[in-house]
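Structures are listed in the sections that come next.
Below are two complexes that have chain A in common, paired first with chain B and then with chain C.
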Partner chain A sequence: MRVYRLATAAILVATLCAACSGGSGEPSATAGGGAASGGPVKLTYWTWVPNMDKIVSVWNQAHPDIQVTVSKQAGGDDAAAKFLTAARAGNPPDLVQAEYQMLPSFVAADAVADIKAETAQAKGEFGEGVWGLVTLGTDAVYAVPQDSGPMMLYYRRDLFDKYGIEVPKTWDEYAEAARVVRGKDPKVFLGTFSSKDPGWFAGLSQQAGAQWWSIDGDAWKVAVDDEPTRKVASYWGGLVKEGVIDDMPYFTPEWNKALNDGRLLTWPSAVWGPGVLSSNAPKGKGKWAVAPLPQWNAGENHSGFWGGSSTAVAAKSPSRAAAATFATWLNTDPQALGLLIEEGAVYPASAKGAALMTEAPGYFSNQPDFWKQAAAIGATARGFTFGPDVNVTYNAYRDAFDKAVAARSDFTAAVRTMQDTTVTDMRKTGFTLAQ
Partner chain B sequence: MAASTRAGARRPAGIVPTGVLVLGAVYTLFPVSWVVVAATKSKAELFSTPTFAPGTGLLSNLADLFAYRDGVFWLWLLNTALYAGGGAVLATVVATVSGYALATYAFPGRGLIFNLLVGGILVPPVVLAIPQYLLFSEAGLAGTYWSVLLPQVLSPYSVYLARIYARAAVPASLLEAGRLDGAGEWRLFHRVALPMLTPAMVTIFLFQFVAIWNNFLLPFIMLGDDHRFPLTVGLYTLLAAGANQPSLYNLIITGTLLSLVPLVALFLTMQRHWRADLSGGAVKS
Partner chain C sequence: MRRPGKGAPTRRAGAVPYLFLAPAMVLFTLFMALPIGYTGYLSLRRTKVSGLGLGRGARTEVFAGLGKYAAAVGDGELWAGWLRVLGYGALVLALMLGLALVFALMLDAAHVRLARLTRISIYLPYAVPGVAATLMWGFLYLPGLSPFGDHAFLGAGVVTFSMANVAVWGGTGFNMLVLYTNLRAVPREYYEAARIDGAGELGIALRIKIPILVPAIILTTVFSVVATIQVFTEPTTLRPLTNTISSTWSPLMKVYRDAFVTGDLHSAAATSMVIAGISVVVSFGFLRIVKNHAFGEG
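== the complex of A and B ==
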């Protein structure tokens, strides 16, 4: 599956470049849906949120003049590549689920519309941090935020008791706890470093205060190897080299097995963790708990984001206003938010939506204040502006950190590779870079 | 009779090839057997029990899979059958007619066409998927059933196979005799050549059927509407459910197992055809 994924991504990206130099610029008249005069406006919507068709049918019943058809897609990087290809070819869906890190590449390709005018009243529903992810720090608005992924520390409360460890408040304490665990049981690790999940590493870097990209006038500034990121990398590199932290990637069968067998005690993850744990580690039900991420300095209170997505409107959509109205309803209307939570297992980005989360997930029935904790942690999360070629940076992460983990070599060198690869790619694609 | 004497006289050296084949069979069947075992495991058992210990969840997995999004699995299965069945039939017809023509008629440019086809074999279909998508978009066909069917209708390798087989199995003298008897070209093809070409057609059909059945990238790019997805793309949406949604491993594995059944059934029924006609063709010259 990973081979598939990489191959698809590589091929799609390669041809996209070919398509943009040679492709015809004229918008195709046959573009999806089409607002025929008379009948209702028909919109197509690509998303991978489970049960979205049920949520949309509520809208369709209440709005006979705007009918939305959901097409459930595969999520992740492939979805972004597929949308970009469709946009280039002139037949994108009217609405698309866009992960925050992919939105800048959609904007750079002129694939999504600026819906500032249509979303004026939606702005107040979201926090500054999340709203920044859909404006990219500009005056435009490129999407309506849907879900967000503030990061927190999941840990096995029962096994922490068994090994006599306190919940680490700082990353130093986390490292110390990792050593203690190894000393007590050589089969068990406190945690693992995943070289396959760049989003996770980006979130940890955000927590440390990294700013990988920023826009300076009309030039991009790239600082993937800034000081906070290097700090995060060398911290994990040290632990892996010392052998007190495992190096298996997340979401793999072996990781699932280690979770089920109680051989991994923590997972620094995001608010959507319960869904993954309950499906991949059903044996741990009722044994896990959440706490804020360990901090870099005692007394600080920061977190980062891992994951999260928004609803964007395709630039080529003939019914932009209707699409923006639907996107606003979906992500800010109380009824829609309730459905997103219940049917879609989504942690809404809107403040109103987050407040609707009251009953702890079944997997965390031992922690009735789960969502209160999550909301408190979420308020401390800080993000950064993503660049227009995040997929390149993320692939560089996988390549460089795979090698660094295998060779037990310097993780900061891998971060430098990410920076160099990103800069080279942006230059080649034609972006102006500030020095 | 002939077969039994040959079998009786089997030399001991036959053990080596048999051994190699058995190894090959184990090598290819091992992952399949994993799928069979894993499909019986419940969610809780999948990653916690020993790999080849059968589980207890097969029925609930099946029930979950069929209930998933109101049974969209069946729709995907139907779509796949349509793409693979329709595509393979069309490809077989096209390949047989063109292979026969290339083999029996001398016309200007025959060598060129044949060489172009051989060149086409060297181009992996994966490389063509995106250009085909852009072309179909221009034509307004992207996202339709045709966008997945049409690109699979012409298979250079199948034409090549048909041409090679037609040249060997349909003797020119036989066609000549038919012509003297006053048969038209269509009648010659239909009545004389076609029966001789059956084994090649079965082979081409099976090849194309399996190739389309397993095809991922072309439908993945071409289709936006998930109600037109084939199984490969549909099951992939269960796997890549987004970073914050768990992958539905149980459903994927069970779905994979079920998607193997028609292929196995097809091979078991078609195989007979195949063997009988291959030996039938061998007697001719």
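== the complex of A and C ==
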């Protein structure tokens, strides 16, 4: 009798479970079928470029057979994590905005498709350097470049005049200027070291000539603590310890206020800086100017990259060709590039796009040659190959530099931690590492 | 004592309870047992990469045994996280429940003006979502923005207190309401009898109200302990504002980091199981210790 009752209950549970799982399986089946059936191809696109819906609607009107729907994302690391999770779960968007440093992770997770065949004619539109970021130095093409972020020095021209400092040409001059500013007004800093922005630190290391990752035959070479990076770290560590550079992270309300109140005089940032400055420090309009980054040795001319992203096609997308066609249009078509610049405040990676930038951003109306400067600086920027576990390295940066900044301790030790964490993770996962 | 209805055949009634139980069992299976089982499954596996790890098929999932558990338990950062949470939890529990009790007793006292308004205003912070509350306090803490002057509220030694303050601010009202509701259910005759015996308001509070409240206090303590073990919102929201909160400040933050920042789902699953185990042991252990006080009178 007892067995009979239990069996009844078990059957009940089993039937209900089956009913439920049957229900959840259904929509995915229809979603898969929708793309294959006769109607227009429907694509979803995850991006955080402002006003992308407006740009996409121009495409949608001209291409009734390929309809793209934009899903606005938060951007940054969260967006990458979300895409990787969606890809792992089997329902990624067809198209995704991929930051260059995250692309290797996407490729390693088999989340993005090789679109070499579909983007053959797009290659000529881009410079060697930026194209290398989407091929990872392999034969494949994993994305179409969208924007790039060569770094330059933003500075308050009016306050430089007030404190009587020259625009620093070298990092030594920058350090000297930092001391002068502190001497003249203890409330003001020349700049701040952000322990929250590994991309910024990576860009500064690139400028110094770092090569955090490289591919050596069939093995990865990891050198996050190479000599140029250690040089950058000990330079900033020294300034923070000396107290002549502030240590508040970027993109915080506190930082916004310091920029707005004129208590931070410089920001070594990227070409997309005007967008941030105009929204976060509106009071500084017309007071900032741009110059090349200070150099490590007088007479040199180098820069690095901070940020920049591409448009990738998900490996699981049923409409790869249509998605690649859209990605190519978005990043190489003159009309699309014009819209990206105007509506999306994007600094296009394509040569054609960069040539379209003529009128200085409103925030920099005092510097009519802004884009000419930017193009000249962009030509001097050098990058490096990103590894397949950048997120591990970047997370280690935040934790290690948080601690080092708080303790005023040795920054090169933090770099060492980044290297060790990265190598340990890669070894644990099974990547082949070169010695 | 009630007896089963006359003439109801006990034989058939035997199957009926299972029918009534079925929805609960199905929901439990779908939303508790299966996810936990899947987490357990994930925790026993790991990703294996060969060569450069690029291209198709370079990444496979293999059985890892208890390796991820060994790594989770052996990670000093997890235990350092528990220690931090222990300190934070002790602060939050003592302050929040202490204040909640005091407020409940005060509101229940005989002559209080504006009791309704006071009650609502103490409860109100609980209605503010955790992220919004933490952001609001974050702005109040930030030097340069803070109306309280240029203090390092988010500095290394102080940040735990600042975070505890957010939790106390948000949680006191709810706990006060639970205690207060319990107090309102106490027959007023008790107090009259006490007054006739010469007890003042303080005496009534200490000798009658608090002993009656013990089960409710234990209930709120268990809830608060569980919430403290799961602390995530406050440190995660404050983290971008300061360099004193690491990505593994609390155990749950470590799970989040493993799963979504460094992309190691399997480590995250193993750590989750460890945290769940500790959480169960702590809350049931606490209940066991105090069960005579809580339920002995029933």
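In this section, the second predicted complex is superposed on the first by the 400 of 435 C-alpha atoms of A that agree within 3 Å, B and C clash if a C-alpha of one lies under 4 Å from a C-alpha of the other, contacts with A are read in each partner's own complex, and residues count from 1 in each chain.
Just so we're on the same page, a residue touches a chain if its C-beta (ideal position, glycine included) is under 8 Å from a C-beta of that chain, and two chains touch if they have at least 3 such contacts.
What you see is a predicted model, and the numbers here were worked out from it, not measured in a lab.
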| item | value |
| --- | --- |
| Partner chain in contact with A:P282 - chain B first, chain C second, else both or neither | first |
| Touching partner for A:T85 - first (chain B), second (chain C), both, neither | both |
| Partner chain(s) touched by A:P253 [first = chain B, second = chain C, both, neither] | both |
| Partner chain in contact with A:F160 - chain B first, chain C second, else both or neither | neither |
| Which of chain B and chain C A:Y45 touches, first, second, both or neither | neither |
| Partner chain(s) touched by A:G307 [first = chain B, second = chain C, both, neither] | first |
| Touching partner for A:F364 - first (chain B), second (chain C), both, neither | neither |
| First, second, both or neither for A:S195, with chain B first and chain C second | second |
| Which superposed partner A:F411 touches (first chain B, second chain C, both, neither) | neither |
| Chain A positions touched by chain B in one structure and by chain C in the second | 1, 5, 8, 12, 78, 85, 88, 251, 253, 257 |
| Chain A-facing residues of chain C, complex | 14-15, 18-19, 21-22, 25-26, 29-30, 47-59, 138-139, 142-145, 156, 240-248, 257, 260-263, 265 |
| Residues on chain B engaged by chain A in the complex (per definition of touch) | 43-44, 46-48, 69, 126-127, 129-131, 133-134, 137-138, 140, 142-143, 216-217, 220-221, 224-227, 233, 236-237, 239-249 |
| Chain A - residues contacting chain B, complex | 1, 4-5, 7-8, 11-12, 15, 19, 23, 28, 30, 32, 44, 46, 48-50, 53, 69, 71-76, 78-79, 82, 85-86, 88-91, 93, 99, 147, 149, 199, 251, 253, 256-257, 260-261, 270, 272, 275-276, 278-283, 306-309, 345-347 |
| In the complex, chain A residues that touch chain C | 1, 5-6, 8-9, 12-13, 16-17, 20, 77-78, 81, 84-85, 88, 104-105, 107-110, 136, 138, 140, 195-196, 215, 218-220, 247, 249, 251-254, 257-258, 263, 388-389, 391-392, 395, 398-399, 401-403, 405-406, 425, 429-432 |
